[in-house]
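These notes open a run of structures that come right after.
Both complexes below contain subunit A, partnered by subunit B and then by subunit C.
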Partner chain A sequence: MKKSRDDYLTLFFISIIGFYILISLAFPMYAILSKSFENKDGEFIGLENYQSYFENSSLVYSIYNSLFVSIVTMVITISLAFVFAYALTKSRMAGKGVFRSIAMIPILVPSLLSGISLIYLFGKQGIFRELLMGYEIYGPIGIIIAEVFYTFPHALLIIVTALSIGDARLYEAAKVLRSKSIRTFFTVTLPSAKYGVISAAFVVFTLVITDFGIPKVIGGNYNVLAVDVYKQVIGQQNFEMGAVVSMVLVFPALIAFAVDRIVQRKQVAILTSRSVVHEPNESKTFDRIMFGYCSLISALILTILGMCLYASLVTFWPYNLTLSLKNYQFDLMDGGGWDSYYNSIRMASYTAVFGTIAVFAGAYFVEKARSLKTGRSILHLLSMMPMAIPGLVLGLAYIFFFNHPDNPLNFLYGTMAILVICTITHFYTVSHLTALTSLKQIDNEFEHVSSSLKQPFYKTFFRVTVPISLPAIFEIGIYFFVNAMTTVSAVVFLYSSKTTLASVAVLNMDDAGDIAPAAAMGMMIFYTNAAVRIVYVLITKKILVRFQNWRVKTT
Partner chain B sequence: MAKIKNLFLIFTVFIFSSASLMAKTELTVYTAVEAEDLKKYAATFNEDHPDIEINWVRDSTGIITAKLLAEKDNPQADIIWGLAGTSAMLMKSEGMFEPYAPKGLDQLDPKFRDSANPPSWTGMDAWVAAVCVNTIEAEKYGLPMPGSWEDLTNSVYEGHVAMPNPNSSGTGFLDVSSWLQIFGEDGGWDYMDRLHKNISHYTHSGSKPCKQAASGEVPIGVSFAFRGARSKEAGAPIEIIVPAEGVGWEMEATAIIKGTSNLEAAKTLADWSISRKAMEMYNDAYAVVGMPGVAKPVKHFPEGLLEAMIKNDFEYAAKNRKDILAEWQRRYDSKSEPKS
Partner chain C sequence: MDQYLSVKNVVKYFGKFQALNNINFDVNEGEFVCILGPSGCGKTTLLRVIAGLESQSEGTIQQNNNDISLLPPDQRDFGIVFQSYALFPNLTVKDNISFGLKTRKQNRNEIDSRVDELLKLVGLSDHINKYSAQLSGGEQQRVALARALAPSPGLLLLDEPLSALDAKVRQHLRLEIKNLQKQLGVTTIMVTHDQEEALTMADRIILMNNGVIEQEGSPQDIYSKPTTAFSANFIGTTNLFKAKKISSNSIEIHGSVLECNDNINDDVSTVTIRPEDIKISNSGEDKNILSGTIKELEFLGSNIRGHIEVNFDSDKAIVLCNIASEYIQNNNIQTNASINISLQPHAIKIVKD
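The block that comes next holds the complex of A and B.
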């Protein structure tokens, strides 16, 4: 068959996006892997670094610590989130929308803000210190509480989705067979949500084991892998050992990723075209219990956020509790001052715009292109890879790859561009999946028709695909923006004196002992993300009305 | 098609534009000066030299030192301004500096310059170790006011003392090197073994122990006098203690990095860094500055601090820096393992 212009164009764009992922992910990962086998002078020394790593007992102990906090957090978060999700999907309690919004708050703040809040709540001068009954908040207890806060919304989103696809016909059958509600829960609800729960568990596990902001702030002397990477690289500039610890960190993350992928594949099969959406029955007692539970969880989330807000406004904790804006004078602190806040906004905006373009175009070619089957599956595979790589490891890999004197892309080092590239890549996969899901809903007939009408594909793309997918496109944009504002791990090795960022400033101010200003900067990130989210909701409502009219049946 | 082309054009322009904005001469300055003073330093310098823009890279002493050493073959800094003298000596021995005699060198106290001619580095001021004690917290836990380093090893202070990790903090290193000089090598390590039992945690930065003492997170913080004075000024209920055995101190230095592409601007800054105006600026926070006769007493500084400064052997500290730090890490960094 003769290749058409469309085919060449498709090949061209697939190559560009594939090449982008190669440069921003595969090559740097190769660089960090080979670095872990080299000595300071760049000579290959085999497994020597790994040997000295495993001989250092305090470093190896971190593996155990990391696994411990990750698994405990996983169990707690999944239990709490499951009941919350159950309340949102299977009850008829009031205030579901409010509960849902409150539960999403942790996504809008940098992970380490919860650690800072815990210092104010349970530290030596904390207001609820007695509740700990003499235990120290600095250490595993603090890490786990803060990580639960941070991972809760991530787990909730996945479990809510899993629970909402429960097939109503099964519930009907259970009812007809006079099954008790407990029995129905274990034989119908749980099995249908099983894969969602497993998937959420692995997401939480990966988030915790790769997070370093929280253990850095509240871990005290309790070392974990992610902090070790940071200490080796920033504290001792021992890049080779940093590379080794990174590889150790990638390992559990990769396993979690693989399991999650397998599970996700099975999940799809449950939903068939004949499934009927289950509507919960009314049960006053059950609804009240659920309402009480959700109120409690929401109150806890709001307490953690509220504490930070209060702490950021107190003049000198705990001896001078008059309120002032003194802690917002960032120019007198570490971390780059107000400039870092504006840099963050710029960085997040670029990431949102370019990330969305790259991701949506990439997903479009994977899903809708009419040729190049192999190329498309390779592109899809490449698009899934970033999820398996912890941000900290990606950032370190960028140093090795982009700062290499022989790399023609060397000039990117230390610029805003490298921060944008790293952040886009770090959050690529989830956006890619969002885009794919949205594109799958659009019938391929559009492409077939336009093809037979001899229309170039980009006409269909701009006239049909993009307008229909606008809600998803905005969702992806906002996802990039919010995450670019809050991420620390992906950028902590890459910022320069001219591109300091707000999230990193939170970390650095805490490091220097300026914890109240750190809380203040964290709150600035929260205000910004919350404002952007609200504006987004208002705008999409308007756009939805205009572009989504076709969804409403006109009879 | 045009649309797509445009998109990519915009993409390329946006991505690369941030890399290529150049205006007046920019100097990349590596420093460990307290963050709150950086704007003031740059602004005061710019009063005399508005054509030179300073880009600060600031972190704790150990971090900046490690960063400079790591970048040795591909230096990113033009000049250091405000880095520990022992770090400067170490870097000099690695041949990383461009020797230069700044204008007004003869005005400096001879202690505050590299003895070679022309010198590789010049001193600015000195910062002095001190112990911050939170009086409210000390009362709460029934802790007596410590009067000496030895006092701090008393078991009543167990879990109540924070000190900086010398691997990252210059203050931490000057503490350790001063103990090794005060108590002798064996006595010093023995002292730290006993002190270690009382330490609640080691911090990344040298100011943090005092800031934590100021906010009551820990009753006692081993830190430096200027940090204590600032916290006291801010209203913290702290006393600044000068231990009886004497206190370690360290000077801050300026030095031009060899191979800088902005040599002229770097020289201008080096000249200015030892000018009278600069010395008066340092004196806002530092009781001891490099030019004799300039220093006025600093508010909230404890009495007898200057007299308590030990006769510091910087050559010893600089030469053994690496070994001391390695030994320290071997002995104490294992606080990372959970206490059983």
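The block that comes next holds the complex of A and C.
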């Protein structure tokens, strides 16, 4: 068939977005892979680096450590999150909205903040250190507690979704057949949530094994893979070994990613458009137990956050407990001062704006374009890849790729732009999936009607698709912003003295022993993210309603 | 009447699956053609090929003497209404209808008067500023129709336009669309799986099955002169029998020799007899009389359909036949009663397998 103007435009935009992902992901990943086969002079030496890696027992032991904390965290987080999600979806307890909001708090702070909090709670001068009965918080115990805090909301979101798609008709059938509630749980609830739980487990596993902030802050001498990458690069300037450890780290992350994708596909099949939402029955005892449980978990989350808040306001822990803003005088410390906070705001804003545009446009072409079937599949595949790459590895790969003297894009190195590019790419996949889900709900025939009316696709895009998708677009923007504020791993290798960031400042101040200012900077990130979320809720409630009045049936 | 659209030798493959197999037909200017068939017969694919939303694997399509086979949809001249209506939910009725008018450099007054004209045409002038969520299904359908007609396309394509509506609304809209189409004289192709819809609306029906055209003709012809067993069975209800030729005007079914009017050629193998053409026979004047037992009586409203186990010469077989309710009441007929029926010669029609 002949190509119309729409087809050429589609080809043009798909190429741009595809090219962007190639440059920001595929080429850097190739650079880091080839680096792992080179010596310091850049000569190809085959598997020699890998050989010396596996001969170094302390490095190899990190693999075991990483797997250990990841698996233990996975089991604990999934168990806690499942009960919490069950309470939110299948009980009629009071305060569901409040519990849900509290459970989301860890998403709004950098992961290492929970580590700092644990130091105040259980460290050498901690308030509750006796509770550890002689054990040290520095090490696997601290890492696991902090990782559970950090991964809890991620697991909760997935499991809540899985549990809430449980079809009410199945519950009614079970009731009519006089099935006991335990049996209903095992025959109806669990099977329909099964894939969600598995998917959540792999997400938690990947988050923990690739996280570097928490083990850095509270790991003590307990080495894990992610910290090894950091130490090889920053500590020993051994970039080749950093590349080798990165490849070792990518391996489990890739497997987890593959399993998660397969499982997600099965999950979708359960969801039919005819499913009816299940409304739980009232049961006083059950609701009370669930209320108690959620209160306990919420209290723990608030304790960790509250401890940080308190520590950031105390003048000099533990000797002078008067409250002051002394720790917020960042300009007096290392780490870039208040400038890093403003840099973070700028970086997060750029990421939110450009990331949302790229993701939504990309998803639109993948889902809605009429022509270029192959091109669209390739774009989709490229969009899924960032999820499999740990942030730390991506950051290191950027050094190798963009800092290469022969790269014409070399000028980006050390700028704000490279931080934005890296962050957008790091968080691309989840946003892409959010956009796809939203676009799939829009009738595909809109595009056909427009072309029959001789309208270019971009007219439909701006007049119809974008307005309908506004809630999802805002959701993606917020996701980019919040994550850009909190991310450490993706940017820790890439900031320059002019582009220091708040989240990195938390890390560096903690490293320099300024733990209280680190907590204070972490809290600044929390305040900012919380404020953004609150503004978002107000926007969706008030302003969006005005522009979206077509959603309301008035007759 | 001039030939407006001409589909020639169109073949469409999806991978190895052949969705359309050598489709040929013409549509005259101003004609209302229905493409009718069971789900999966390829009718929607055919419509999408005509619209350019799918590209055919082989064959050509001509519209108004231009070869449009390779043109993308936005360079073809048609308006389309989908089963889902696909109304833009965030635009008002007015903005939906004027969506296709804006780039044609018409000034605002022209556009407004065109929208008013179309709204009057579909009887929705009061709803001009409403959103689609505020309209009933039938109203949304009419807005979609008005939007498709707004740029005055040469060809109107309707893809199952009524199947999402309630039975009553559907009956009403059938007539309305048909009248609108006549009034505007726009050449129209409608795809449907509903035989009643096709019979009441179409000037001509194209009956499809398994990617091929089974039969083509006026609704009356398709109903009363089915050429294939599929046509006879798909439209209305019928009795199909395997048959053997005996002479130029007689055949044999289940061992019984029956007289018939149809001109019999040699390869006859199947005949169809409509239930309403079978007569309850009490006199010896009727031809082809067979005895049987009533196995079931099915209430259809004005009629009652008898399932009669007929004693053919070599074995028994169930024959469906319509019996007037009055007759059943007057004669106090019940199941298991014996009855004589006449398979009248003019009712026996020979079809291809």
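Keep in mind that, in the parts below, the second predicted complex is superposed on the first by the 553 of 555 C-alpha atoms of A that agree within 3 Å, B and C clash if a C-alpha of one lies under 4 Å from a C-alpha of the other, contacts with A are read in each partner's own complex, and residues count from 1 in each chain.
Following the convention adopted for this analysis, a contact is a pair of C-beta atoms (placed from the backbone, for glycine too) under 8 Å apart; a residue touches a chain by one contact, two chains touch by 3 or more.
Owing to the predicted nature of the structure, the values given are computational and were not obtained by experimental measurement.
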Combined model on subunit A: subunit C and subunit B, fit or clash: fit
Contacts of A:D6 with subunit B and subunit C, given as first, second, both or neither: second
Subunit B versus subunit C as contact partner of A:Y135, first or second or both or neither: neither
Partner chain(s) touched by A:F19 [first = subunit B, second = subunit C, both, neither]: neither
Three-chain overlay, vertex subunit A: subunit B-subunit C angle, C-alpha, nearest 10 degrees: 160
Subunit B versus subunit C as contact partner of A:E445, first or second or both or neither: second
Partner chain(s) touched by A:L453 [first = subunit B, second = subunit C, both, neither]: second
Touching partner for A:P467 - first (subunit B), second (subunit C), both, neither: second
Subunit B versus subunit C as contact partner of A:S497, first or second or both or neither: first
Touching partner for A:W317 - first (subunit B), second (subunit C), both, neither: first
Subunit B versus subunit C as contact partner of A:A417, first or second or both or neither: first
Superposed arrangement (fit on chain A Cα atoms) - minimum subunit B/subunit C Cα distance in Å: 13
Overlap of the subunit B and subunit C footprints on subunit A, listed as residue numbers: 456
Subunit B to subunit A touching residues, read off their complex: 1, 3-4, 7, 11, 14-16, 18-19, 28, 35-36, 39, 55-59, 62-63, 66-67, 69-70, 74, 76, 136-137, 167-168, 201-205, 207-212, 215-218, 234-237, 333-338
Subunit A - residues contacting subunit C, complex: 1-7, 370-371, 443, 445-446, 448-456, 459, 463-464, 467-468, 548-555
Interfacial residue positions of subunit A with respect to subunit B in the complex: 57-58, 61-62, 65, 119, 123-125, 138-140, 220-223, 234-237, 239, 315-320, 331-335, 337, 350, 354, 357, 403, 405, 411-412, 414-417, 420-421, 456, 458, 462, 496-498, 511-515
Residues on subunit C engaged by subunit A in the complex (per definition of touch): 51-53, 55, 70-76, 78-80, 82, 84, 86, 88-91, 99-100, 102-103, 130-134, 147-148, 150-151, 153, 157
